[in-house]
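Every chain is named by a letter (A, B, C and D) in the order it is written, and numbering of its residues begins at 1.
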């Protein structure tokens, strides 16, 4: 569908999805989401080398099935920061769900809540906290922040997130500028609606602004001091998101981070970097269990979740596939995507001979490189 | 050919095949076997990464021809568990031959018997033991079991197999659930006929049931105790099939297994695993000759048989290619496939400078990784 | 566009370019530059294996984003041999700019000068020094020499370059013959205009001569003595260009070279060689900072500049992309290309967490091989 | 062109060729040589994995240009077994040149002789010694033997070759059976003419016989004793051809071989083997200069010759490209091919900084694996 200059018309259908795989979901979403929004969601930066590596790098490690493990009805339940969740995956923070569906973040929130895991609310949400709450209905939520250059405004944003009930802050540190997203450049992509949370520090609402423009108005100089600041001011556990090196993981922990979020922003920021999965094991070795690790970038199958957990992640976060589900079926589509991952992960656990999430974490993968 | 909803019409022609290679055979079979059956037979799980790796991983090792080895008329004969066989390959257990040919397992059995090697009878056979005997005509057969959750029923099945003359039990341990077979999902594949052997523990005959459904009714909690149970109760040697790790091989042997069957179920179960051939050498090193090793998954050429034997297998098992032969030429087609492998293996033995199967086993391959 | 036998008609448009990436620029240039000239510029030698490797080898190393580095407004300024330049990249010496644009080297020079970096003037320039000066307008320039077999003529050429204000000599040592450029052979490519600087030692002006013919008339026996000769006679710093091995780097330095220029001539000379980037780290380790290192061959993105600097280069040189810019937009097109690299490098520096060029040089890359 | 059942009509044109590269030559030859003959010449065995690897494996090593080496007019002359030759490459023994050109081996011989290197005459020549002599005109020739099962006949064949002036015997040891050449099977290829030299031991002249049939009538049990027998009886130096392992090289030398011929028969025998180039270095290390090494299989460019010599070969042998030259231009076409390799090798030597063949042998390649 072409995006008219006048109006951005996101899908509005709400229905359960019959999912064969998430690659197909991406193709199907491309048929209902306007081109500018679809390219924004699905695209990566530069050569999209890192975008592709995010999925391909999972083939660098193989799962050896363990077939005499006495396993039946594997148990996917786990907990993170005190929240019990249905399965070791949560919703990743992702901007502007309204590009995918008219229910915006509220739709995603309801799907996530119905499934029984944690919602991450992006600072670039197109919906307000109270709108999202309609979907969440009391379920746990974490708040992801893109910091303002002005710490007083950051305090106000954190206050608002706390008032909404956020139980953790996710500091996205890898996006102090926009990556080199060529598709957005070709499409001259601008957001078709505003971003109420960060409009506090933007020159406008965010509507008709490009990502370049918006990132430029957020804070560039991110350092361990920002981790300290957020930790101290919020009193909440702070994840640092965008970690790809053991050094940054240690800096973050030193500054008080309560969790490490390994991610390369889905291959949308610095191209020419390794697949996110290829960086996980070394980071986990450096973290040594001091704090929990969330992993994202490239999760498309249950096998990927399994491999990430076996390489040191405590939970993984689902990004694009959930947005494709939202586009195709609103909150029911989001839930279908989470159910798909759940079913697939249980199958992998059974075939790999692992009864619990803890068993996955103790699995040694086969080096296929 | 399309599978009509009313009726599944498998081929019925019986003729010798002029085989150039087994890849071509797969294509030709696709022209005569109804789509649902063909996809069921030829497909793998997930991304079909492991399915492809099963063949490609043979290129990780190269055969260096030995040209001054004084070889002529190489001898392929060997024996396993007391059976003398024409060549170091046997028929793999594979479900539902009736998808490929109207003569079902009886056709395969006759081809295998005429060639002079061992038939593996699957618990998911569409033919009864006595029907298969018509083809086998007294030739050796092993019985592959998918266990029931109820050990009394397992005893009854083992009793029946023993009464039929099985000289070994193959415990398939890698399939306590169905792999993620997307083609079957798209086709909404159900078996067009029943499975008389396991109908003891199914809610029906197996007809019109999906693989998911059938696997779910079999036993999930497979452990070393099942190996002990089958060994003790049957008094027969028990192979554990689906071994991909040294650890499982040792567990199986510890529990009394008389043989290790290295296999990843032809890439149909856990995707994201290495090619089966890539796991063989390490398993063989762990087994240290204590028990024989059967290898399957990916054998398409004589070179592959040679490489598997040089990496620790005692015999290999042929799966899909035999079923393609069955589809295209009934029992004569099956025999043509076994003859093809025989001719090809003899050629490879001559060119590699190996007089006997024992010589192959002492060959050192070239590391091409 | 076809090159007529009568006349070679290069583009003449002057305009700023809206650049998405430099691969696209190459395609667009192919639409305006006559075929013979385009193939000459874009082609490589032999299988073009080395040409392709020049870009692909950058993927052998990955940049790990550093996200807590307290960076803002990264500073690309640096200096080399006493020249302060806007960013760590300069114009590579490249022959016959007149193939790309009617303003020839003068157009390139103006674009380079306006950007604020160093122009390299090729001995195979189609423009005279005084014509180039019109574009340079006093900006720094280095002179690249293909030596004559006659040292007296070499002295005259050096004298002329010094008189023009060259502050360094670049001795191209990797091109004592033409590489095996099959496209030029098929096109029966000859230069459509003369080369005034080296016409001193050619049998003609260079017009209607093939590259094979021209190289054959230059000096083949290049040795450390030539480095000494040029250093002594010119009194200028001498770079040896075409270095791909640590041994040659040390020989050059031993003979008095003031700089090492790592290059494989853009994959146009010896095919079957590694990508130039793959040779850089070992050379840098041998040079140990004794003299500056210039790197070229394969730079197409800011990531590539970053990776080259992190692997030991002090500056990189831009070749083909600048000529595509010249073809498409004259001097403004050249400046657009340099601006593109500048913008892209600043983005990469910010995302990688490096404030200065020195910070880039201290970055450790991730081994992706 | 289709091969009619009645008649095989090989090309007859005699002309110089304007060669851009040898890959193109293969395509052009495919347009003039009847299909059966073309497939026979160009095809490999099995998956043609080894055929492809023969060329691709040269990319496992890279040539680093040495640019300060004081080289001019590199000298390709060398000698082997006392023969001075124009360049370090000779004609490989190859069967049935009459498939490519009506002048058969006499055409090839004249081209080789005019170039100034050694002709290898295959036992499967379609021309008689005296016919080949018309082309050779006194130039050096080696005789390649496929042994009969009857040593008296072998003596007669050796006697005939000696009488013709052969100065060495090449014992092809890798072809005691035909490789699995699927194209020949599909074409039901039979030789369209007889083979006068080996017709001594065939049931017929060779005409209308398949390669399978002919190989089956030659000797299978090749061992070091055959090397001894040929050495003792002929009094000539004996090369053992088809060596791919250090072990066989040492066995051959132990049995009196005067030279090792590293080859995998151009990927026509045992598929699933490494590229011939990948085996060369280890063999050379085992041989330690005791006897000369000839290398073939995959040589298509001057770079390949250079890399083979730098990895231990003394000379290389040219096979298929020479036959394509024969097909396209008779003896002049053969000479054009040798001239092409000569020109290309000289260019590579100049660019790599090597003055002599001995210099090439002392060059260390760059490991690109």
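Methods note: a residue touches a chain if its C-beta (ideal position, glycine included) is under 8 Å from a C-beta of that chain, and two chains touch if they have at least 3 such contacts.
From a predicted model like this one, the values you see are computed outputs, not experimental measurements.
Minimum number of contact steps separating chain B from chain C: 2. Each chain's centre was taken as the mean of its CA atoms, and the one lying most distant from chain C is B. Both chain B and chain D derive from one sequence, and where they touch, under half of the residue numbers involved are common to the two copies. Note on chain placement: the centre of chain A and the centre of chain C lie 42 Å apart, centres being C-alpha means. Separating the CA-averaged centres of chain A and chain D is a span of 60 Å.
Multi-chain contact residues, meaning those touching two or more other chains, do not occur anywhere in chain B.
All chain pairs that count as touching, in label order, are A-B, A-C, B-D, C-D.
For chain A in complex with chain B, the touching residues are 20-21, 58-59, 62-73, 301-304, 307, 344, 347-348, 350-352, 366, 368. The touching residues of chain C, counted against chain D in their complex, run 46-47, 49, 173-174, 176-180, 182, 185-186, 220-227, 240, 242-245, 247-248, 251-252, 255, 264, 269-274, 278-279.
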